[in-house]
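Two complexes, one shared chain (subunit A), two partners (subunit B, subunit C).
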Partner chain A sequence: MKREYSVYLKVGTVIITAMLIMMVVSIFFTPYDPEKMDVEHRLQGPTWKHILGTDNFGRDIFSRIMQGSQTAFTVGLVSVTIGLTIGLVIGGIAGYFGGWADNLLMRSMDAMIAFPGIIIALMFVTIWGYGITNTMIALGIMAVPRFARIARSGFLQAKELMYVKMAKSIGVSNLRIMFVHILPNIISPLIVAASLGFASAVLAEAGLSYLGLGVQPPDPSWGTMLHESQLYFNRAPLFSIAPGIMITLLVFGFNMFGDGLRDLNDPRKR
Partner chain B sequence: MAILSVKNLSISFPIDKQYYQAVDRISFSLSEGKILGIVGESGCGKSLTALSIIKLLPPKALLTADQICFNGTDILAADEHGMRELRGNDISMIFQEPMTSLNPLIKVGKQIAETVTLHQKTNNAAKEALEIMKQVGLNNVEDIYNQYPHQLSGGMRQRIMIAMAMVLKPRLLIADEPTTALDVTIQAQILDLMKQLNRKFGTAIIFISHDLGVIRQMCDEVIVMYMGNIIEVAGTEELLFNPQHPYTIGLLAAIPNPSRKKKSLFTIAGRVPGITERPAGCSFATRCGFVTEPCLRSKPPLVYQQSHGVSCFNYQDIKREIKDV
Partner chain C sequence: MKKVFTILLLLGVMLAVAGCTDSESSQNESKFVVAVPQDPDFLDPHKAAASGTEEMMFNVFEGLLKANHEGKMVPAVASSYDVNGLEYTFKLRKDIKFHNGNNVTIEDVEYSYKRLRGDFSEKPLSSGFEGVEITVIDSETIKFVLPEINASFLGYLTEAVIPASLTDEDHNKNPVGTGPYSFVEYVPSQKVVITRFDEYWQKDVASIKDVEFRIFADNQTALMSLQSGAIDLYPRINAESIDSIPEDCTYIEGPQNMIQIMAMNNKVEPFNSIKVRQAINYAVDVDAIIAAVANGRGLKLGSNMSPAMKVYYQEGLEDTYNLNLEKARQLLKEAGYEEGFTTSITVPSVYQFHVDTAQVIASQLAEVGITAEIKKIDWNAWLQEVYTNRNYEMTVIALTGKLDPHAVLNRYSSDYGRNFFNYANDQYDELMKQAVITTDQEQRALIYKEAQQILADEVPCVYIMDPNLIAAMKKNVKGYQLYPIYIQDIAVLTLTAE
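Up next is the complex of A and B:
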C-alpha cells in the first residue's frame, strides 16, 4: 500500500530537518563565539565576515541565531515532554477509571483552559523566578490540559473494546492495560498534538523572553534577541528580522508537520 | 466434585436510582471436567452470569449472592488482586468476536505468552505459547507467532484466543458464544477443538450460546435461562428430547425443520418484557399459553425430578395437554 504524503508534511519535515541540522552543528561549531563582545564593531550591517551583522555588543548575530536554536528546541522538547507525561497520566486516569476522578480531573483541566496560557505561564514565572528552567516547566504545565483531553478521549473509547476485556480476563492489571495495551493504540492523535504543542511552546517561549521573563541574557534565545534589538531597529534591522524569521519558520514548520501527520491519520483524506 | 457452585446469584442495575434485577437468584453448579451449556435469548442474563464468575461485571452492576465458590476459593470474598491471580490461570474466558478481541498492535504470539508471564516466573513463555498454538491446531506456529491479528483469518484468531485462554490449562473455561461470529465450517472446527481440550486437560467449560444445535453437540448439561431466571435445567439429551417448561418446548419447536416444509415457522408469541416491566409472578407468564392464576402471583420454584429441574407450576398439565393435541 502506497501512502500519499501531503505537501504539509513534506514542507514541515524539510524545515524541521534544516533547523535540527543547524542546531546540531551549533553545538560543535559557530562562526564566532556567540557571547564574545566586540564593541568597536557593534550594530554592523551584513558583511562577508558577519553575514547577518552584529548586535549592540558587537556579537555575531548569525552565531547567536544558531546558538538560539538550541534554546528553542530544548524549550519545545522539554515542555512538550512535561505536558505530555502529566497530561497522559491525568487523561488516562480520567478516561480509564471514569467516575468522580474523571469529573474532578477534567473540571480542573477546564479551569486551566479558562485562563489564557500566557497568563498562567506569567504567574508561574513570577512565583518561581525567571530563567529557562522555569519557563520550560511553566510552558509544560500550560500544555497539560490539551494532552489530558486527547488522552482521556482515547482511553475512554479504548476501555470498552473487546481486547481490553480479553486482557482483563487473563489477569492483566489496570496499569498494564492502560500503558501497554491501550496507549500504543491511541498514540497517534497525541503525536500530532505534541507536534503542534511544540510549535506553540516555541512561540510562547519567544513571547516570554521578549517580555524579559523567559530566557535571561547572556543565554541566546530568539525571543531575547527580539527584545534586545527593538531599540536598534532603525540602525540594524537584521538584528530584529533574523530572529523573527527563525521563530516564524520553526513554528510554521512544526505546525505544517503536525497538520500533515493529522491528515495522514484521517481516513477521509486518504 | 463440583468445581464451581453458585447459590442465589443476583445481578441488578440501577436505572433512575432504582435497582432492577437482570439476574434473579439463580443457583447452579458445575462438576469437574464437565461442559455446562447456558441457553437463552439476548438479554436473558447469560453473559452477566458468566462475567460474575470472574468478577468482570460492568462497574455499575450490583452483585449479590449467597455463594460463588470456585475450587474451594470464595470468589465473593476475593479482592481485585486475588481475582487477577485467578483470571487466566485458573479461570479463563473467551469471547464472541475474534475480530476485535485481540490487540491490533501486539504480535499474537506475544499476547499468548503474556498470559504465561503474568502468572509464572519463567523464561519459557514463548515456548509454552508455541506449544499451545500447536495444540489448538495452528500450523507454522513460528511464523504465526510473529504476526499481527490483522494478518490472520477469523478462525485463526479464534484459535489464538483459545490458546490465550488455555495456555495455563485452567480448571474452568468460560466461553461466551465463541462461535457465533464464525461461519459454519469454522464453527464446527472450533467446537471440536474445545471438546478436545476439555478431554485432554480436564478443563470444565461453561458454554454460553443461543444455538441449540451447538449446545447439543457440546454440552453434558444445559441451563435454560429466561429473563434472569433459570427456568429449566437438565442433561442435554433429556432436555432436548423431554423438555418440560413451556418456554423450552417453544424454543425447540421454533427450530426450523426441513420435514415440515411449507408450514410457517413456529414462534413464541409476544416479546420479552423490558427490565423495568418484569412481572411479579412467573417471568414467562406474559407469553405463556398455559398461564393460570398462581403463575401471576408468585414465582414458581425450580422443582427437581432426579436431575431434571423445571420452574413451572403447571408443567405436568402442560405435558399432558400437548400430548393430547
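Up next is the complex of A and C:
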C-alpha cells in the first residue's frame, strides 16, 4: 500500500531535483549569454549549436530556459515565504486566541478568498507597477488565506492538547508555546500546502508574465517567453513549446511532491 | 454497441453542422471580405477620430477635396477650387448625389462645414475651422475666409460632406455620404458592410459590389481566416506572418508614412548634450533593429520624414549615423561620460513592436557602457507621463503619418504643446514659422527639407524606420494601392476571373 503512494513523491522529487540542478548550474554557466542578441541568426530551428534554436532576437533559447528557472524558483520561494509567514501569524493568532480576533481575521481571509487570485494580482501590479518584485509580493499575499486557514485549524486543535496545557500551567509565554511547542507539531500540513502553493505561484507568475505584467524584458521568464513567442509559432514552434513544457513540468513536479507528502502524513493511508 | 451508436450519432450531428456552415459561406462568397482590427468609434464622420474608422469609411464619405494615393488633394464634391490669399473658393460639382438619391446642394456643404466649425454643438468637431468664415456665394459656390494664413487648411476640406436633412442620430446610425460605396450595416465587433453606389459622380470607378469589413481583434485569427480563404484582403498583416501567407494569396508592401523613433528627453541630463545624443545614434544599429523586429521589412530613416511623403522627403540622411562604436565611445568621452551612464527606456506595453525595439536598443547601448532599463507602462500612463508630462528619459514610439508636412515637423517647434522631445532650436522654430506663410509649394518643400537636415544634425531622437505596410490579398485581387494615410481604397480594386 505504502509503496504505491510514494510513486507521487518519487516522481515529484526527481523532477524538482532536476530543475534545481538546472537552476544552480545556470547561475554559474549557460551555453550562451541569455541576453546576447544575434539578429542574423534569429528564429533558427534546433541545431547542434543551439539545441532549442534561437528566439526572435537570435538569443539562445536553451540558455534562456535555464536562466528562466531562476525566476521561477525565486518567485515560488519568495511568494510562498511571504504567504506562509503572514498566514502563520494570522492563523496562529486566530486559532490560538480565538474569540473576536479569530472572527475578524478569518472573515477577512474569507473575503480575500472570494476574489479570484489573479484579479488581486492584476490589481496589485496595476497600482504598484509591473515587475518581478511586485509580482512576488502580490502572489505572496494571494497565498496568505490558504496558509492562515491551515495554521488556524492546527493551532485550534493543539491548544486543547495536554502538552500545551502543561506548558501553560508552568507559565511558558504564549509566543513560546505557539512557535516552539505547537508549530513543530503542525508543520507537516503546512509543508504540503507550501509545496502546492509553490506550484500555483509558478503558474500565476507565468500567467502574469504572459500578460506582460510580470517579469520585464530582457530578464528571461518562461511566461514572458511564451508571450514573446506567440507571433512566431509557425516559424519557430520550439520557442513556444519549450517554456510551455518547463512550466508544466515544474508545476506538475511540485504538485506530485505535495500530494506525495500529504499521503505520507495521512494516517488513513498508511 | 450503445457507445458506437452514440459516436455515430455525434458524427452525424457534426457533419450536419459542418454542412450548414459550408452552405452559409457559399452564400457569402459574393462578398469581398476585408480584415480590419477594430470597431469604428463613430459612424458619424464628423465625430469619428479613430484611424480604424477612417480606414473603412474613406469609401463612403468625401469632402470638397479627397486625398489620392500620392497624398495630393484632388477635387471630389467640389469640381474646382481657387485659393487667393486667405480666401478659398469652391465650385460645387454638378449633378452629384448622396447615397439616399438626393442631389448635393450648396446648403449641404455649408451645413457640413458649419457643423464641423461647431455651430450646432457645444464644441467644434474639427479644430481646422476655428474663426473661419463660411459664406455661400450662389447655388454652386462657397467661400471660406481664414483669419490667418494656414498652409494646411486644404487638408481639413477632406472632411465629409453630409446631408443637412439628416438628424445627428441618423448621421451616426445610417450615415449618408457621396463616396463610391454606401453604408449598409454595422454589427458591433463583427462587421461593417458597404455596397457599391451606382450613381457615384465618377462613372464606372468601383468594380467590386458588396464589401464586408470583418473585425478581428486578434491577428492570429485573422491570419487563420486568410489561410482558410475566408478573407480576400488582409491589410497590415504582421511582417513576421509573411511566410504564413497561403499559396493562393500574394502581398504588396511599401512605406506607410509612419516614423518610428527612440525619443530622448532633450532637457534631461545627459540627453541635453548633443554629443551624447549623437553617440547614442552611432551606437544604435538601425539595420539590426529592422532585421530583428520588422523581419527586415522597413525603410531606414535619417530624420523625421518618411519617403512616402515624396515631395517633402529629404533624401540621403538615413546613413548619417551608421553603426560606429568607436565614434560613439569617442563622443561619450568628449561629453564627459567615458564610463557610460544608467538610464531608462519607457515603452507603452500594448505595442510589442516598440517593446521589442527597446530591447534591441538596450542590448546595443550596453556595448558602449550605457545601461538602459526597460520600463513598460500602459498606454494611458504613457500618454500621461511621457507625452503630456514629459517625465521620461528615453522612449520608443511611432509617429503616425499626416499628409501635411507641417503636422509632421511642427512637433519639434519649441512652442508646440506636444513637443515631448523638449527640443528647442531657434533656427528650427523660424523655419516652421516661415513654412506656414509660404504659399509657393516648391519653396515650402525646401524649407521642410532644411528642417529635416537640422533634425538629422542635432538628433533629438534616434530615427529608426518606417515599417512597411504589408497588405496580403488573394491573387485575383488587382489594382491595390498603398496610401500615405491610414485608409483602404476599395474602389480601385478589381477581381480577375480565375
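By definition in this document, the second predicted complex is superposed on the first by the 265 of 270 C-alpha atoms of A that agree within 3 Å, B and C clash if a C-alpha of one lies under 4 Å from a C-alpha of the other, contacts with A are read in each partner's own complex, and residues count from 1 in each chain.
Just so we're on the same page, contacts are C-beta pairs under 8 Å (C-beta built on N, C-alpha and C of every residue); 3 or more make two chains touch, one makes a residue touch a chain.
None of the values given here were measured: they were computed from a predicted structure.
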| item | value |
| --- | --- |
| Contact breadth on subunit A, by residue count: subunit C or subunit B | C |
| Touched partner set for A:234, first subunit B, second subunit C, both or neither | second |
| First, second, both or neither for A:42, with subunit B first and subunit C second | second |
| Subunit B versus subunit C as contact partner of A:181, first or second or both or neither | first |
| Touched partner set for A:218, first subunit B, second subunit C, both or neither | second |
| Touching residues on subunit B, where the partner in the complex is subunit A | 54, 56, 59, 83-89, 92-93, 95, 97, 100-106, 114-115, 118-119, 161, 164-165 |
| Subunit C contact footprint on subunit A (complex, rising order) | 35-37, 39-40, 42, 56-58, 126, 130, 212, 216-218, 228, 230-235 |
| Contact set on subunit C toward subunit A in their complex | 219-220, 238, 240-241, 243-244, 288, 291-293, 349, 352, 355-356, 358-360, 362-363, 374-378 |
| Subunit B-touching residues of subunit A, taken from the complex the two chains share | 98-99, 161-163, 165-173, 181, 184-185 |
